[in-house]
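Consider the two complexes below, in which chain A is the common component and chain B and chain C are the respective partners.
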Partner chain A sequence: MAKRLFLAAALLAALALAGGAWAGVTKGVSDTTIKIGQWGPQTGPAALWGAVARGTGVYFQMINAEGGINGRKIEYFLRDDAYQPDRTKAIVKDLYENVGVFGFASGVGTSPGMAVMPYLVKNQIPWVGSASGSTHWAYPPKKTIFAVYPNYPDEAKVLVRYALDTLGKKKIGFLYQNDDYGKGGLEGAQAEMKKRGLKLAIEVPTEVMDTDLSSHVLKLKEAGADAVVLWLLPKQAAITMGTAAKLGYKPQWMACSTLSDAPLMYKITKGLWKGVIFGNFAELPDSDNPLMVKYRKAQQEFAPKERWGVFFYAGFGFVEPMVEGIKRAGKDLTVDSFVKAMETIKDFQGIFGKVTYGPDRRQGIRQVFLAKCEDKGQAKRLSDWIDAE
Partner chain B sequence: MDMKRDYYEDIRLLDSGSQIFWLIALLAVLTAFPFFASSYLIYTVNLMAINVIVALGLNLLVGYTGQISLGHAGFFAIGAYGTLVLMTKLGLPFPAALVAGGLISALFGFLLGLPALRLEGPYLAIATLGFGLTITQILGRIDYFGGHMGLQAPPLSVFGIEVTGDAGRYAVIMPVCVLLAWGLRNLTKTRVGRAFVAIRDSDIAAECIGVNLTYYKTLAFAVSAFYTGVAGGLMAFVLGFINPHTFNVMISILFLAMVVVGGLGSVLGSIMGAVLISWLQIELNRITELPLLGPLLEQISHSVFTISGLPNVQYVVFGLIMVGIIIFEPLGLYGIWIRTKLYWRTWPF
Partner chain C sequence: MFSQLIISGIAIGATYALMALAMVIIYKTSEVLNFAQGDMAMLSAFVAYFILEDQGLGFAAAFPLALLFAFCLGAVLEFGFLRRAKEPTVLGLIIITLGLQMILYGLASWRWGSDQKNFPFPVSDFEVHEILPGAVISDLNLVTLGWALLLMLLLFAFFRYTKLGVAMKATQQNHVVARIMGIRVNRILMLTWGISSMVGASAAFLIASTDTLDPNLMWNPQLKGFSAAVLGGMTSLPGAVAGGFILGVIENLFGGYVSVEFKSVVAFAVIVLILCVRPSGLFARHYVRKV
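And then the complex of A and B:
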């Protein structure tokens, strides 16, 4: 009997404690700290993209060194999910339920993101700046989820418009990877052509595992495309360039921002990448934009061994709007005040294009700029930020 | 000690009264668990239970029948896609779709079992590896199955009851897991189970005493694939979203690791292996957040390994644990369990 009484008392006490913890206080926020989490592959097949998550870490270190946001220092929790959605979900649940984070910053990949999105939506957990160009995050809009990355259709529109208007090309070919990534680009290109009552000269799909692309390139050549847009991964883009050179086919090549690491592309194509025009979602690595200068310095200070590549500093860019939102929410930071503050962001610019949110708008950036690959893989900026619409 | 005096003692499901007692105690704990645990813990246990189902199925193939497979991610994918497609496109209720998904997977297991009749050891490993890779490639190319975009799981309802939350899913997954574990233990005590073991020990000898190799080898593949398919169907609901990438080759290797680390040819071993590996996969992530040890390991990792830092250490530790178990206890966790049991039986002598 005494035991039972004791159990009941213990249970009540536990409930009271739990109740107390819930009342009033926002999860992950104290007077001096904000806890923010991120998942990102540091091992496994997608480990290369994990640089994004480490970039975010350095960005937060920099902010903390400057005194934090509204007097609060950021406590950053980076966990490796190896790009396995079941692990991503475990990480997100653990960070939210056990560690008690306020929200999530960036996070690499479409399938890991898709696995955790319902949970984030259900519990109204802020998540800003997924490092994936998927349209799932922002359409339809969800209260606490804010996308930053310009999505693929928008980027393709800009590339096609540039080919038609500025370069004066007539026949545009489109070589894409047959999945949501490639199809996203294709959709945008088709929309831009349709607006002018035109059609793409030819659309050629490839599969990720294809290593012989000669028939694909031949199709483009036979259709007489004088500009070809590539929506591929680096390896296949390199194969395409090699095959085209062998076939003596020289259209104006254009590429999406996943191929925007010009020095790398120049190296793996043995110089064939020269002259390719590509989209960019972030400032070029050697840009003298004051923020880029500042971030480079932070990298040298906090993570001198990291390569200053686009993935790494994209980790800064994806999270800039979140930091801005937390700043605007002020001292009284709750999920609601954060969402409201985010919705006031208009034409905010960091190292990416201009970010705008609103009550019904969750897609932050709809801009890219174009650059061209020069000798030795140097990227030369061709345009200012261009709006997709 | 474990002396059997007649045939019926050998085929009994539970050997002793104490086993019955502990089984009931375990079931009671499993029943009470969701009422006390946090949602995160329940999610972890759900993952473990699913991995236990796969490990049971794979152990039947690897441990009991002596056929290797590096392609179980393929069956896992077939089960997951089968269940979701049958529910969303054909409108089957969940229990029927889950079983049907398992049966489709079993059919593929049977088909893979046919060429496996002529293959052994490393050749079989490569053939099954190819199967696992092919399945995800094919799934990615068929738009009906969502292509590379993947599929969303529909709302889960079982016999008219809407299931939401981790505790709800636990209530679906755990009974299936217990049922399948019981089923496997039962199977291994029958004529079929003994035929599997005979094939493992020597297939020529087995054939001489009248075991039909064609029948039993393909059957082992089919049953193993059924288990894995059912686990895949459950996994689709735990994740809520699947795409071909979810079922990569790494998963097949982890499945095999569970079976080998746990103990080949043992139900208890499968369970222990699956639980340990799932737990390590999730918990080693937090190694950096340990006081003292975490920063120290991170420092070592930064200076010796690459910039990505600690996750390297995480994998090194993971690998060391597995290598350690195999070196010091070739029978896996099950071997450790047996030795502990013996020790206590004769204690304090």
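And then the complex of A and C:
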């Protein structure tokens, strides 16, 4: 009996040792494939931004068609979280533990991302290019998390600076969504004003479910703001524009890059979006940048039904640095070699601004450019890439 | 600013009033709170959008057709789902409406996606009239206001003076006796759902024209409509409309002068307050069931 027990124990020990040896094989990576996951709202209030995740899918298809990365094809797992953080959590856990992905690419939303970040950090799972400009990803730096999107405070600084210096506006109003997303923008705007010893003329918060914004707009009007920066969802931006037009209030409207889909905004505001100046983290849709031309071709080939909108091709851009990192890590791809490779990226430019990482730098891009909405929702570029600092 | 806040409050209140009317009609006959109300209306707005944009027909065709769709939708939901409930309790029926809400929401998201869409409307929200110094109201606001008041009067007259309306009221008070008196209770309920759905759909058209059309269109209006209905007393039609206006004005004044952060929460504070102080609402007599 004792002998048998001993044998069983020995067998278990041997298995455990072997298991240890298997751990040397990186999760989600085989000789011919890399598994990568992404969450993104395909339904629900933020579904407009869900195009990001489908864009990434087409980007990976394009890469696979070109032969993959270092001989490995990408297996892509897209899951709909409907912008509900508890669902995002379940998705990430399932993709990592059951499907066994190497890491996560992009993923829309500040709150969904915040909900899963502790899990990603704890298990040292690579996550690159959150489709949100929150500062939480990169500050403080976390080993396996790399931010791409220029963060909201940086972007707000650039917008406010432009309003004051280039447009000569005196009173800046700020209308923002009362959560992390909106407050991130507000913080940047306040910092830029403070640097000059000034203050915002008025700060007005909105709740996501508010559909009547008349008292909000009246407050901005009463304060006499001659430029108003919007940090809202597209739906509320549209309601704001309509309400302001009705009340005869015409400041210079400025908007966050989340509202940079000019053709869409023009349409849902019944043309009122004309003249709005907005931040951009990605090249304009009709750009003749060679990468944009190539990606457009991929879209026509793999997803001809998709609209070539900014949130769709942003799905390419958010993931470019990750693909670059995997490429640089070479054939011996592990989490550590990937992180090391990412840290060598300097002034890398795809269809976004310049990306730089380092041993303690995790915020990839710190620049945006500005554009203005013209007739029929055409966007006209106003500036080159502007550095936030 | 004060007069503009009041006017904007009345204007938005009119949309709450319409949703409140829709909810009250069903509650009046069956004592069921219909949580699918908003999404029934949203789906009808999508049908109107589909007829206008995809089929290219004009408003004169699109709105009547979409209202017809709304009527059928209401009737079918009652006939197909609520009537099928075995030994129905009011709570059970309310939960069925919650389920219907999810089905309709999913259906709209699946068919039309959840991108925001521009809902065309023949009346402009940007053509404004200065009715008080410094305070404007738009053509669309006036239409909404007029429509809410007109519907209220029509429905009020319908319930009071027509045979069918009286039958509906009787149905609410006592199903069994109503049936003994020769009222076809099932048919009455089906009709009620149809009419209520049409009222809700008309609200959705008006709301979608200032908002953007997407599956979440009626989420907030339904909550506000419900609050307005509670405020006015769940069974009173004029109460529902007055409740809508009062709620709209309170919200705007609160947002303008007290705190814009808590503007949307006011509606819920109102519900709680009314349920504590005057549970039958401001305008309804409490109906005591005598055994």
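FYI, the second predicted complex is superposed on the first by the 359 of 389 C-alpha atoms of A that agree within 3 Å, B and C clash if a C-alpha of one lies under 4 Å from a C-alpha of the other, contacts with A are read in each partner's own complex, and residues count from 1 in each chain.
Following the convention adopted for this analysis, a residue touches a chain if its C-beta (ideal position, glycine included) is under 8 Å from a C-beta of that chain, and two chains touch if they have at least 3 such contacts.
Here the structure is a predicted model, which means the values were calculated and not measured.
Once the two complexes are laid over each other on the shared chain, residue contacts for A:Lys194 go to neither chain B nor chain C. Of the two partner chains placed by superposition, only chain C is touched by A:Lys246; chain B is not.
Residue contacts after overlaying the shared chain place A:Asn98 against chain B, while chain C stays out of touching range. Of the two partner chains placed by the overlay, chain B and chain C both lie in contact with A:Ala47. In the superposed model, A:Arg381 makes contact with neither chain B nor chain C.
Once the two complexes are overlaid on the shared chain, A:Glu207 sits against chain B and chain C alike. On chain A, the patch touched by chain B and the patch touched by chain C overlap at residues 43-45, 47, 50, 178, 207, 209. Contact residues of chain A toward chain B in the complex are 42-45, 47, 50, 54, 77, 79-80, 82-87, 89-91, 93-94, 97-98, 110-111, 114-115, 117-118, 178-181, 207-209, 303, 305-306. Residues of chain C that touch chain A in their complex: 1, 4-5, 8-9, 11-12, 106, 109, 113-118, 125-126, 128, 136, 138, 207, 210-212, 214-216, 219-221, 248, 251-252, 255-256, 260-261, 263-264. By the touch rule above, chain A contacts chain C in their complex via residues 43-45, 47-48, 50, 178, 204-207, 209-212, 214-216, 218-219, 222, 234-235, 238-239, 242, 245-248, 264, 267-268, 270.
Taken together, the chain B residues at the contact with chain A in this complex read 38-40, 43-44, 47, 137, 140-141, 147-150, 235, 238-241, 243, 245-246, 248, 250-251, 281-282, 285-286, 289, 302, 307-312, 314-315.
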